[in-house]
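Consider the two complexes below, in which subunit A is the common component and subunit B and subunit C are the respective partners.
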Partner chain A sequence: AALKDGLRSQVSAALKEGRVTPTELCQRCLALIKSTKFLNAYITVAEETALKQAEESEERYKRGQPLGILDGIPIAVKDNFNTAGIETTCASNMLKGYISPYNATVVQKLLDQGAVLLGKTNLDEFAMGSGSTDGVFGPVRNPWSYSKHYKEKSVPKSHSEDEESNWVITGGSSGGSAAAVSSFTCFAALGSDTGGSTRNPAARCGVVGLKPTYGLISRHGLIPLVNSMDVPGILTRCVDDAAVLLGSLAGHDPKDSTTVQDDFKPFELPKLTDVSKLSIGIPKEYHAPGLSSEILALWSKAADLFKNAGCKVVEVSLPHTHYSIVCYHVLCTAEVASNMARFDGLEYGHRSDRKESTESMYAATRREGFNDVVRGRILSGNYFLLKQNYEKYFVKAQKVRRLIANDFVKVFRSGVDVLLTPTTLTDAAPYTEFIQEDNRTRSAQDDILTQAANMAGLPAINVPTALSERGLPVGLQFIGRSFQEKQLLTVAKWFEKQVQFPMIQLEEVKRHDSGVFQQQKSAAFS
Partner chain B sequence: VAARGCGAVWRRARQRGAVGPGPGPSAFPRGHRAVACNARGGALSAGKSGVAPWIPVVGLEIHAQISSNSKLFSGSQVQFAAPPNSLVSFFDASLPGTLPVLNRRCVEAAVMTGLALNCSINKKSLFDRKHYFYADLPAGYQITQQRVPIAVNGSLSYSLCIDNKMNQMVTKTVRIKQIQLEQDSGKSLHDDTRSQTLVDLNRAGVGLMEVVMEPDMCCGEEAAAAVRELQLILQTLGSSQAVMAEGQLRVDANVSVHHPGEPYGVRTEVKNINSIRFLAKAVDYEIQRQIEELENGGTILNETRAFDSKLGCTVPMRDKEGKQDYRFMPEPNLPPLILYDAKSLPANMNHQQVINIDWIHERLPDLPSVKREKLVEQYGILPEHSFTLLNEDGLAEFFESVVKQTQMKPKKVIGWILNDLLSYLKQHSLTVKESPVSSFLLADLLNLLEKKEISSTAAKQVLAELWKGEGKTPLEIVKEQKLELLQDQKELEEICQAVIDGQENEVIMTVLG
Partner chain C sequence: QKVSVEVLDHLEHLALVDFRDSEGVERLQKAIQFANQLHEVNTDGVEPMDSVLEDRWCLYLREDDVTEGNCTKELLENAREKAEEYFVAPPG
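Then we have the complex of A and B:
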């Protein structure tokens, strides 16, 4: 099967026609997971259950009764979604070894449609981070670190500095999922997106990352970071696949009262030929300090692309954008402080041996179970929620959030259909460079272009656009109107087709499984 | 229990000095009438000569467990005394990733209760998280309604007797500040000998209505009467079974005292009150204690105290953590709770998904006050009798059933119900439902009496037989024991003649004078 091609048009067809069997697909992915183990993309590989699911899928195909496009498709799930019988760790000592008794709604939906769950992907502890470097199982390596493009373009400073110290981060916090999709170990993966955690690693790993509208997909079973902003994210190789996944996941869930009641109709994306009726907004505030010149150039090139195709391209203003990070800091830490209160060592998870008193057991459990980032956020969150601070910080932050959301409402009301922005300020940094700064500073920088969409609950998508001078992926982001995923994805698909983002060429993985990768010409968009 | 006057206050206060261990007799000199409030309202003085009178102020916070098949935010069953941790869903145990889903029945119960307590129902109310660490609170926070509760600004009328005299009843009103929906916690059992705590989460997440009463009461009897009336209302509505012994109704009392014209004093909160009788005791004790404390030059601490029912006094609760900051924040996983009325109900709304306040209002059952009025009106009984009838579960129905089956006037029936039936049941600690004499049998007996087939004395004799529950009818007992009244004049004359004939000398002496 041509792994780069869409699920609907290629893989599913190949399965139906028997050109490949679910078991073969699954085995091939499992082999790839093994040969790319150094990426550290997976925390848990569920080989046994995956093969069993593949076998069941195969039976269905043999009977001629597959459950749909996803039947037999190997997928991976970020390790902050509950999976019955398979460890769910949130990359934290607190939940190491924790086996949930239930499936998250999104996981259940995928399984119900025949998808094969390969395993659980790596992340920053409790999804708090933007590098996938701060989890208890170690950092995730960006597959592009090992690509032909990067190797050719990034010249090691000296020969002693080999690729061991040259590898770049995936971004995060859904870095494991992004790396898994990017390295072909699965066809699609679930991430989560609170401030950009799906789109950021998608941009850095050269895959599609969709953050749907808040309330469209159930959060039941997603271990929360910020309940009011968390959305299950979708990572795929192409926009069409994102639409397939969205169709299989969206809709009201009685177990999540914040999902919308309206019926969701899965859609196929039309092939857009005429974009002249579209109005694309370019928010000037996204020309943020620190935006690399090459991404800026890419962004304006993309705007020109739309303009040349007959689109109306207008500069718009989202004046409260630059308050979003500090506002997010207050709201996020407050909810974190609250959400993390349940980890007290009593019902589940890590429990300290300290026995002097219940309080000392709580304290030791939480100190041993959480890393500095989590503990730091709990501390600030509790500070913001104190009676004497609540009005000053939390309430104020909520008001600012409203202003940020209203910015978008105004822009969309003015006739803009979709906003076009960069997803990240730069391409992926080498790990050694990235860890020079602390988690908070990095998150503040990295979330700056993605965060506001979470504040406003809007759908947004990263589309891999080009390779940077260093041979690393760079993506652009489209932000759409609430619940207008079809429009958003349609525009994203058109753009995807125009830019012809190059296929990753993994030299050493190819040695392991030469049959899997199809060479593809890299179009010269950059 | 409820219908007793506030005269009881200081009398009990006096006794306490003699009885109670607690602070000891010196703290409560005999006969020292420190406080009295009366049912007519206002403060009565006493205290040491020359000291200004004290006005006690009592407010109540009442937690009523909602009578519902399942918990407030999860599908687990609600059941009293089930095996430990047998009614715990993933959400109740706070498993990561679980979310609350509001139970419609609990909302309806709260709306019903709000309407019955004359509250205005908020068409939009909100849920909040209240944080504190405790072993029986798995999530580390309780979901409650701190900012905008479901019902506000209501009132509750209740009646009590003055000076313990049944015929001097007075009606009072306490304002209801709000009713909020919230989760119950689990239960912790501390095993001190093995220094371990056992946690039972069966109760964790059960729906509660917290009813907050304004400090409009001034003594234990008022508090007790108000709670009793609330209990009757909840039971009538079926919104809570409100059995205090099973923890379905829990009362915390806020108590303070001050001099007239001065601001309210520092208040204490009294917890651990598990019967209405103890509520009256606890409040009166606390009022007395505060007055003593202040009159002896002490100060009142803003503290939580527990009522010790064995000692009959309140004691400071050990609160290691000191002042708690609950760090309230909005519950992000529950959208605002929106209720509708006939006017605001959207046309195309699925009726399963909305709650219509007007619809609930139209279907409210008769509340106790209305039932009492109807009893008085329909049967001509005294108002105080109507209270007694409603205070005992099933007694009013028993009474009405007897009335229906006899020719005896209800005014006479009530005497038999209250003096004979009720006192017998009380004596033997039986409920009305457990009565060995059914309404049918009692009616049968009263019919014999009404038809003058037996005398009133004989009727009591028959009733005494009936209590044995041997399955005999009143008529059978009458025949067996030959208790019939003679209706035939000739027969009666013959008997009399026979008596006279047998006592000739005495007759002569009598005639001669």
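Then we have the complex of A and C:
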């Protein structure tokens, strides 16, 4: 409960008063990363540089001159953001060993405010996927697989081997970041969100996942998937912390011409007590096939919560929701085909030994460097962009995109302030079950509730709501109006306070290969 | 309809991912089939949408001033094969 109040009121205060030092915080996080290595949340741990950053932060606190709330705060960054001097792999063979000469703007902003960069987190290769299972460094394990809540509800196994195979996925593609925040190894993490990649794992790992409005936060240095939909995502343990991160990251960047030029004013979230002036919309199409009955019930309960508090709760319709996945499929693969063209082995990254011709070198490099998911999308994308297909598929999809975006415009124009929907269809699946379907099928299934917000560029946030019958996190999603993050987060914060989502209680895990995992202690206070 | 060999050849020439085995082709067929659902939607009179920010028209031009550069060394550092200030590609 102490940690839930987060950065501004707890950790920052503790640092300022000297009750804990940045070095201590950093060391504890690093130790926790080591003892939770089996989660496979981190690809690279930047121990030396992190400790150095922590020391520098400590000096500033000693002088009474911290840079801000984020000074000394350990954070993690998804491995598709460029980080100078630290390997950036996108969980792909194509970029293994790639050391970027520059920091992504969002990374630079965090460092400029004194944040301590602990490391780079695991993901699906090139952020393509919804499980964080398809990267070259292996899948990420959901920390809740090892929680008291999940273990109590599991069918008892006779020995630890079976326990091992029961672990559940984090969701994706920012699974490493979600797992890192969920297991207390960092205070906040950056993810990315193109079809739900921040909100999906946030829901499955029981953390807050914010997808900001497209154009609010710079994408410079975020290795692009779909230029017209990608946004950096924010993962934290409470809504207040998401607001702090947003405040430090949002704003125009001359290096990213798709960021809006309006002034962004960081805000503190008011404590909303009276929601009676709010209008919450419940889009009926989000009652999608495959939505579990318990999530449906939670969604309904949440709507009642708002109703009973005096809110106007109305059913609304977003009639083209059903087509967002198909639309995404075409637009995404088309943009991917273009974005992945830069990986040819010449300037950076993997290079094949084939020498017969430039083309054969390119083809071999790309075959060796990319997994099947990536190659498949590049091939499909090129198909949809062929002259004979361009109108039929690509332009058609762009038209459908407008219809999807217009659905939201109509609903918000009718007086609705915020939409309330489920974030995922089910709680986290066991890994063995998840991999029985291929990546595209899974993505198509899992993205249905999150994708449309990317189509329309709207801000959306996952708020952990309750535990499922299996003892795993379930979250609900709020979608807001363009650039109205303050309103969106204010409502999310009110809801968060009402539901009082339980804190994870990680059990002791006896591993046959390494040491024990400690009973969870708060990373900042003991 | 199945994708013709000519189209596949052309695609591979464009995509350069060496994914012409039966698995790659099957994936492509499935992807096309999936995408065909788009044609169920009536888009008469609808303009294609390039960017969600179209109303704000934020794609601007900046002044033609050189503000950064001269980073040849950094740019060459990550290349596997180089000679002087050139990236080296196989001939042909």
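One rule holds for everything that comes next: the second predicted complex is superposed on the first by the 498 of 526 C-alpha atoms of A that agree within 3 Å, B and C clash if a C-alpha of one lies under 4 Å from a C-alpha of the other, contacts with A are read in each partner's own complex, and residues count from 1 in each chain.
Note that in this section contacts are C-beta pairs under 8 Å (C-beta built on N, C-alpha and C of every residue); 3 or more make two chains touch, one makes a residue touch a chain.
Since this is a predicted model, take the numbers as computed values, not measurements.
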First, second, both or neither for A:258, with subunit B first and subunit C second: both
First (subunit B), second (subunit C), both or neither touched by A:222: first
Which partner reaches more residues of subunit A (counting touched residues only), subunit B or subunit C: C
Which of subunit B and subunit C A:71 touches, first, second, both or neither: neither
Partner chain in contact with A:58 - subunit B first, subunit C second, else both or neither: neither
Subunit B versus subunit C as contact partner of A:390, first or second or both or neither: first
Contacts of A:382 with subunit B and subunit C, given as first, second, both or neither: both
Partner chain(s) touched by A:456 [first = subunit B, second = subunit C, both, neither]: second
Contacts of A:347 with subunit B and subunit C, given as first, second, both or neither: both
Which of subunit B and subunit C A:335 touches, first, second, both or neither: first
Doubly contacted subunit A residues - partners subunit C and subunit B: 101, 228, 254, 257-258, 261, 337, 344, 346-348, 358-359, 362, 382, 386
Residues of subunit C defined as touching subunit A within the complex: 3, 7, 10-19, 23-24, 27-28, 30-32, 34-35, 37-41, 43, 46-53, 56, 58-60, 62, 71, 74-75, 77-81, 87, 89-92
Touch list for subunit B against partner subunit A, complex: 90, 93-102, 129, 131, 133, 135, 138-141, 197, 199, 325, 327-329, 332-335, 353
List of subunit A residues in touch with subunit C within their complex: 98-99, 101, 214-215, 228, 254, 257-261, 320, 323, 326-327, 329-330, 333, 337, 344-349, 351, 354-364, 366-367, 370, 372, 375-376, 378-384, 386, 392-393, 395-403, 405, 440, 444, 455-457, 482
Subunit A residues touching subunit B - in the complex, by the definition given at the top: 81-82, 88, 90, 95, 100-102, 104, 219-224, 226-228, 254-258, 261, 334-335, 337-338, 340-344, 346-348, 358-359, 362, 382, 385-387, 390, 394
